[in-house]
Structures are given as C-alpha cells and as structure tokens.
Amino acid sequence: MATGETQLDRTLPGSGARVAVGQKIDPGKLAFRVGFLLLLAFFTILFLYPLVWLLSASLKPGSEVFSGGLIGSSLMWSNYPKLISDQPVLQWTWNSVLVTVLASSTVTISSALVAFAFAYFRFPFRGLVFGLVLAGMMLPGAVTMIPNYLIWDYLGWTNTLVPLWAGNLFASPFYIFMLRQFFLGLPRELFDAARVDGANYLRMWWSVALPLTRAALIVVFVFELKVAWTDLVKPLIFLRDLPTFTLPAGLKAIVDNPSIGGEKHFELLAVGGVIVTLPMVIVFFLAQRYFIEGIATTGSTGR
Amino acid sequence: MTAGIQGREVRVIGGVPWTRNTRQDLKWVLLFLSPWIIGFIVLTAGPMLWTLYLSFTNYNPIRPVTNFVGIENYARMLKDPHVLNSLYNTIFYTVLHVPLSMGIALLLALMLNRIGGRSAGFFRTAFYIPNVTPAVAVGTLFLLLLNGNSGVINGVLGFFGIDGPSWLNDPTWVKPGIIIMSLWTVGNTVVIYFAALKNVPLEMYEAARIDGASAWDQFRNITVPMISGALFFTFVINTIASLQLFTEVYTMFFGAQQGQSSGAGDAAEFYVIYLFHEAFEVFRMGYASALAWLLFAVILVITVVQIRVSRRFVYYEGE
Amino acid sequence: MRRAVPILVSMVLLLAACGPNAATPNPTTAGGGSQPASGPPASLEPLKAEGKLFAYGFAYKTGDIIAQTRADVFKDAYPDVDVTWSESGFEDQKFLTALASSDKPDVVNMPRNKIGTYVAQGVLDPISDCVGKTGFDTNVFYEAARNDVTVDGQMYAFPEFYNTRNWIINNKAFEDAGIDPDSLDFSDWDAIAAANEKLVKKNGDKITRIGIDPKIPEFLPLWVKANGGAVMSDDGLTSQLDSQETIDAVKYTTDLVKAQGDPTKWLDFRNTWDFFGGKNQVASNQIGAWPMEQWYLNVLAQNSPDVDITVKPFLTKDGQPITLEDGNSWAIVSGTDNPDAACALVTTMVATDTWVAAAKARQEDAEKNNKPQTGVYSGNQEADQIIFDKYVDLSDMPVFEAAVKAVLDNQANAFGWPPSPGAAGFQTAMTDGVNRVLSGGATPEDSMSRANQEAQDAIDSNAP
C-alpha cells in the first residue's frame, strides 16, 4: 500500500480534494482510496477483458467458444493455420501492409509540404484558404464518395489497391493543421540562416524543417497507420475479388460467408479478429508515445 | 508590416502587402500547396458538386440512360420509410452515445489525473488499447460478446441475477447493445481529457480551497471551464462521427449475409448504412447522392449550432 | 483392389494433365465418364475457343475439390482459353461493380433465383445461341432447375448445383420425447406442433434444445406451398406475400417458435450451435427436427458420423412430398467479346462428364483421407445417376445411406423460385416481414401486408 500512498499523495487535484504529504490517514479516507482503486481495476478489466476473451476464443475448439473459462479443453493453435490455409489470409496481410505503408508515407510527406506553406509563407488570403482546409475536416465522407468511386473506376483502378492509398498523395486537413502547429514552433531564424546559404525553399523544407519536426511526422505517420489499417469502407467500395482484399475486408467476408469459415465457425471468426488486431497492438506499443502525444494534441484543435 | 516601401504605397491583397517578395514567393507557395489544391479540386470540391448534380438525376451505372429528374429524389426521401427509420436510429444513437461517452471519458480522465505518475500511464494505456482494434474486429468481437444466450455480457449480468436481453435479435435491445459496444472505445476521448486536465494550473485549486470551495465547486468552477476547449472539441467531433456510424454495425448486421433470421432488422439500419446500400449495393447513385447531401446538410446545421452555442461557454487560454 | 483403382486413375489423370498431348481437345473420347478429364465432354460438339475470359463468382484457389476438378476439366479441354476466375463467390454489389467497370465479366456463376433480376436489367444473354452451337441437351437438367432460369420461354443460364430440403430428424431427441419418428405425420400441422412442445427442452427460462425449427424466413416458400399457396406467382411478377396461405403459414411457423419461449432468445440459442463442427446441434442433442438442405448430411457424416438421424420428405397438408430447390447457375454476360469461350466454359462446367469427374475426384479424396462423403448433387440428372451409382458408397453407414436415398427419392418433387425482376427486393421484404412477426411483435396480417407492398414495389420498379 506504501507505493500507492505516495502516488496518491503526488496527486494532481482533479476533482479538488487533495491529501497533503505525510498526513495521517483516517479510516474514511482509506475506504475511499480502496474503493477508488477497485473502481479503477474494474474499468481496466472492462476494457482489457474483451481482447483477452477474443484471443482465448481463437484458441478454443469451435464448440467451446461460448462455454467454459478462458482456456478450452485443448489449446487449438491449429485454428490459425486452418484459417490461413482456407483463405488467402497471407495475401490479405500483404495487401494491408502495402496499403498502410503507402498511405501513411504519402500523407505524411504531402501534408508536411502543405503545412509548411501555411506556417512559413505570408500569402494573400492565407487565413481564408486555411479555413477552407479546416472545413474539410468536418466534411462527411459520404458526400464525395460516389464521384470518387466513379473517378477511380474511370481510371481503371477499381479492384486494385491504388484507390486505397493514392488519395493520400493530396494531403489531409487534420494532419496539415497538426504539422502547421509544429512548424510554427520552430524559430524563424533557422530558416533565415538557410536562406543565406542559398538553399531554395524546397531544400530548406527538406533539410531544415523536416528533421526538426521528426516527432510530429512520426505522430502523423502512426495515426495514418491506424486509419489505413482499420479502414473497411474503401475496400468495400473499391475491391471486388477476394485476393485483392485487405485484412478488414477479408474478415468481413469471413463473417458474412459460412462457406468460407464464417458465421458459425466462431473460433475462426476470433482468429480473424486477432490477426487483424494484433499488428495494431504491436505498433501501438512500439509507438505509444507518439499515439498518446498525437491524440492529446487533437484536443487542442478545438482552440 | 509596413504597407509602403520607400514611400510608395503598396497595394494590399488578401491581407498581405503585394511586394516583390510576396510575388516571387507566390510560385513557391503554390508549389507547396499543390497537393492540397489538386486534392481539394479533384477529390473534394469537384466531387461535392458532382454529387449535387447526380442528386437531380436517376444515375445508375448499370443502366445505359440517365435522366434529369429534378427534385424527384428529394421528394422520394420524404416518403421513404427507410430514411425516416435510419434517421431516427442514427439520432437515437447520437443523442445517447455522445453524452455517455463524454461523461465516462471525463470520469476516467479524472481518475487518471488523481493517481498521476507512472501508474496513470499504465491505466491510460489500458483504457486506450481498445481504440487500436479495427472497427471490423470490434463488430466481430461484439457479435460474439453480445450473444443473448451465452455471450460474455449476459454471462456477467446473469452472475448478478439479471436475465440479460437478446442484444442481437430483440429490436428493443439492438441499439442499446450498439451503444455498449461504442463505449468500449472511449479511450481516445479519455486521453484528450487527461491531457487537458494536466494543463490546469494547480494554483487555481489552491486559491479556491483557501476561499473554502468544496470539491464539487472546484470541479464545476475550475475544472470544467478550464478543459471546456477539449470538451467542446470532443462534443463536435464525436457528434459528427456518431452521425456517420457505419463499420461496426455493418459488420454485425449487414453485408452479403442474406435471408437469415435475425430480429435486428430495422433497428440496426443507420443512415450511412442505408446510403451505402443505395449507392453501392443497388447502385441507385442518383438517389444516394441526394441522401448524401441531406446528411451533409444535417451535419452542417448541427455543427454550426454547436459552435454558436458553445461560444458562450468555452474558455480559451489567453483570451 | 478398391483402393488401387482410384489411385491408378488419378495417376493417369495427372499424367494426362501434365503431358504435352493433353493440350489438344480430343472430341473422339467416348465412354460415359470412364475417362472424363481427358477431353471435352463427349456429348458436346467441340468449340474452337481461345483468348481471354473473365468468370465472375467462382473461386478456384480457395475452391473445394468439386470446384477445382471441374475448372481443371475445362482448362484441359480448352488450353487456349486464358480464364481469370474472380476468386470470390457471387455478391450482387461486387457483380454490379464489375459490370459497371471497364473490366466486364464474360461469364457469371450466380444463384438461380437472381437470374430473373439480371435478365430484367438486360445484363444476361439467352443461352440459345450457345445451345445451338454445341448441341447441348438441356433436358438433362431437373425440370424445376430449368424453370428457375427460364424467362418468357427463353433459358438464360445452365443450372449448376441442386440443393433440396427435407426434414432431418434427430432420433435421439425423438426418443427422449417418446415420439416415434416414423409415425409422426409431417403433413399434420397440429401433430408437428404437438411434437414440438414435447421435443423442446428448457432449463428454467433457458432453451437447451429446440423442438422443431421451421427455418423461417429462409424456407417460408416451402411452408406456404405445403399450405396450398405460393409466395410469388409463377411468372415472378406478382407478390403473394399477403395471401391467406402465406399469412397462415407465417402464423403457424412463428407460433411454432413462440411455443418454445421468447423468440429472440430462441434465435440467440440457435446462434451458438457448433453448426459445422463435431459438437453440432444433432450430436449435442440440441434440436428435435428441422427442414434442411441436403449438403448438411455431408457435414454430419464427416464431423459426427455416429449421429442417429432420419431424413423424411417435407409434406404438403395433403401428404404430397415436396421440396424447395435452389442452387447456382452459369450464365453468359451480354456483350462479352469472347462468346465462344464463354459458351465453352458454361457448357463444360455443367456437362455430365465434368460432374462425374468431379464426383470421382471427391470420392478418391475422401477415401484417401478416410472420410465419408454423401455425394454431389448437381442440376444434371444424368450426372446424378452416374454419381450415386458409382461414386457414393455409404454401405458401412446405413443411417446416411438411408438419408441419401430419401433425399434422392424426393428430387423430382421440387419447386424453385420463379425468376423475378425484383428477386432481391422480394427476399428482403419477405425476410423482414417474417422477422417482424417473429421478434418484433407485429401481427402476421399487418406485417405480411406491408411486406407484400414492399415486395411488389421491388418487382415493379425493376420490371423492364
């Protein structure tokens, strides 16, 4: 309890009441703390248990998914090879990786380019144009969805992975906003020095601005990683044949179709769920700092 | 910032003095902006107008002939029971999801703020992890968890002696089930609130306590106003997202599975799901375009109202 | 000896497929299925076909042995045709996407009950040209299957599989309830309802065994037919979802479910079955009886070979055996730029010899893996005769042998879905209509009258 105590003592006063360091604890306060920790534990279980359950279901025999504890009568590692051999899961994974990496890199670079213009240059109607960029954030995807489909189809790129990432060549409002904030934080003198060296603006952006905003670029990159990896809408619209699917589209196909392992093969559904989720969990733990930092900054978008 | 150089008046265009430098830099500006400009014209503004145009036609890519039908699509929407039903479902969901998710997220953020230190980081991670789960996996997972007969959720309710309802088949309980699912991913909002809470200066609380303010007073008069920017932001963003709910519900109740007995039926039909059905499942793209513009209008109006109303309540640093 | 022959044959097949001579179609190969894979089906005039062909709705790579063998037969017979399979099953949305795109399919493998819709949209060509070119005898198909794909006297597709529905009875549950499966009269709806109440098992409020599962909304047409009606007129243009026969059938079947407890709980329970596994609802004694497609026998035989079941025909109230049939079909897409190859593909996939080759390969595969199999049910009667004569052997599983026999005996009594321009909308309306009664608390009259309106709208708005 000792460590918990010191932690509580260092508490920031969220809801006001604060315990001074070294103060003696009366029973009422102790009960409050115990209740507090129990509540915290309760919420933690609430959020983590479904994922644990999913993993456990993926390793059970099909008939036991809904019954018993977390460990079935036998540990069915074979569920994984079964789904992978039944369905082009490896192809889906590769497609997902390709789309995700391309989508993330293109949107990071293009948004950084645009953001720099807003941060560095003064140009006519800058405020107005920037407002237009921000307005794009509120736009429901549905209102541009149909023409986008028609455009990509006209170009002959439906049923390929191209429409899933190529739109990202054209920057994204939210990332423009975020990166602009970071660029604004850089001291202007740095750029002026580079100008004296005779560097053109593009060189300056690439070799001065980008290296200094590395952290922010990573934030954008991992954000888009998540967005691109989890997207189902674009694959539903643009992809037609199973081998072109991404993992989310593949999982939906499994859910829909009993003949390819879904509906009643609950253990295989769980396997699909784990396969599509696990890479994101790993990425999250590798880049946790950037995820959290990124989301924390989104809150300040409201200002 | 001088508007004149060497005594000559310089024209001001778009808030910027039109000097040689500005002119020279303009081509650079255009170069840097080019990704957004092209994207805006080709993938945003152009398509929006295109959608508007399509909404006055009976366009269907399968059929050879497209006719201009005037406002027929819009007139049809008024009579279409699916529009009414899906709008009702969507608004029902939004009205419950948004306040609930904000309330729970605030509670969790306050708790995190109270523990502080490293363990706050651990719990924050625990709360956030569900958010990295792809929406299609969330749908699949809750399809299993919400099973009314032996799903985990009814198992837990059963433990407390409650006979859990049929979340997937009973029309009355389908939307509450979906809301429960949606609350599993409040982690994003928690992280935003937690970050905002950390920025509240401690001295304000000290001062309040000296004045004898209760915990509740401090929360109401300091905490809430100080994080009102974050609250407002999540209010707007979550509302917009709720009105467009699609993937999880589509995964659970729609798609290629057909003719099966499921009691969900109309209860799970959300607006964007119906729009998607019209546009990409039966290819009535003209009608779907009209549906899209209605959605756009609804979101625009709601957002503007939210911004207007909240202007009076939101506190911004440095104002 | 029984083992050696198939192995020998498969080696020959393998050699034939690999050898350089396999490239030439050999029209002279004769002989009712003895060497099926070595040339185009003997019953056909050989077509000269070459070039590219895109077939939508068929998965080769992830397909089963039946799918792969038939595709291989085609490839062997027409080596100059470069086929691209879509590698996914038929989905309306994806098919429409394909049609709307620049990369249009030449051939499509789709459910027969959707043919009417696409014919109305002008998407499919009649197959008379192809029949003329090849001399294919369309009389080999079951009559009901042929009707499914015939619009205004024109045939628009070749039937592929032939799925029929019969009662599957879990003898163990019947024994528990003290009912003799043979003496229960399935034409007597009161008797079925009475049996239902005896068969259902509950633990408190929780259902642990379903008595009778009427399989609605999916099989509603079967119940309506048994009741002397039909859900749709024969020309597919008039919905009869609000007919008295339909309303009564909806009322009766939903009452069957309601008699077992809260219908939504009942559905939840059914959703937990290990349907395709060894602990399926029969093996786990979680069902009394239900009408089901015949392919499920194969699932049972492979995963729970020891279950004790009885298969009986679905009966009308007059005691006539009937069954609802459906399945896929092969059709040629209008405007294909390779009609000869398209024709070659659709005829080869449904030809007698092709089916026989597939059934044989499956039997060999089953023997190799020491698993039973209950046969391939094609839309081609001629093929079925050979298949069940030669390539299905259930002599050591009398329960399944009898079950298969019962299925075969009822094959000729089938009816299908009339081809309708509004098939998809009709299905949705019917499904929603029944579900509203089943779990939504609507009355059969109100709900089916609304469903009828929606169905008729769907038909009318899609009619050419």
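By letter and in written order, the chains are A, B and C; residue numbering begins at 1 in each of them.
Going forward, a residue touches a chain if its C-beta (ideal position, glycine included) is under 8 Å from a C-beta of that chain, and two chains touch if they have at least 3 such contacts.
Note that the structure is a prediction, hence the values are computed from the model and not measured.
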B-C or A-C, whichever has more C-beta pairs in contact: B-C
Most distant chain from chain A by Cα centroid: C
Centre-of-Cα separation between chain B and chain A, whole angstrom: 15
Distance between chain centroids, defined by C-alpha means - chain A, chain C (Å): 42
Set of chain C residues in contact with two or more other chains: 97, 100, 272
Overlap residues in chain B, where contacts from two or more other chains coincide: 61, 147, 149-151, 256, 280
Multi-chain contact sites of chain A, meaning residues that touch two or more partners: 66, 153, 253, 257, 263
Interface residues, chain B side, partner chain C - complex: 61-63, 147-151, 163, 165-166, 168-171, 256, 258-263, 265-266, 280-283
Touching residues on chain C, where the partner in the complex is chain A: 59, 61-62, 86-89, 94, 97-98, 100-103, 272-279, 284
List of chain A residues in touch with chain C within their complex: 61-63, 66, 86-88, 153, 156, 158-159, 240-243, 253, 257-260, 263-265
Residue ranges of chain A touching chain B (in the complex, touch as defined): 7-8, 10-18, 36, 39-40, 43-44, 47-51, 53-54, 57, 65-67, 110-111, 113-114, 116-117, 121-129, 132-133, 136, 138-151, 153, 167, 169-171, 176, 201-202, 205, 226, 229-230, 232-233, 236-237, 247-248, 251-253, 255-257, 263, 266, 269-270, 272-273, 276-277, 280-281, 283-284, 288, 291-292, 295-303
Partner chain B, residues of chain C touching it in the complex: 91-93, 96-97, 99-100, 121, 123, 205-207, 216-218, 262-265, 267-269, 271-272, 424, 427-428, 430-432, 434-436, 438-440
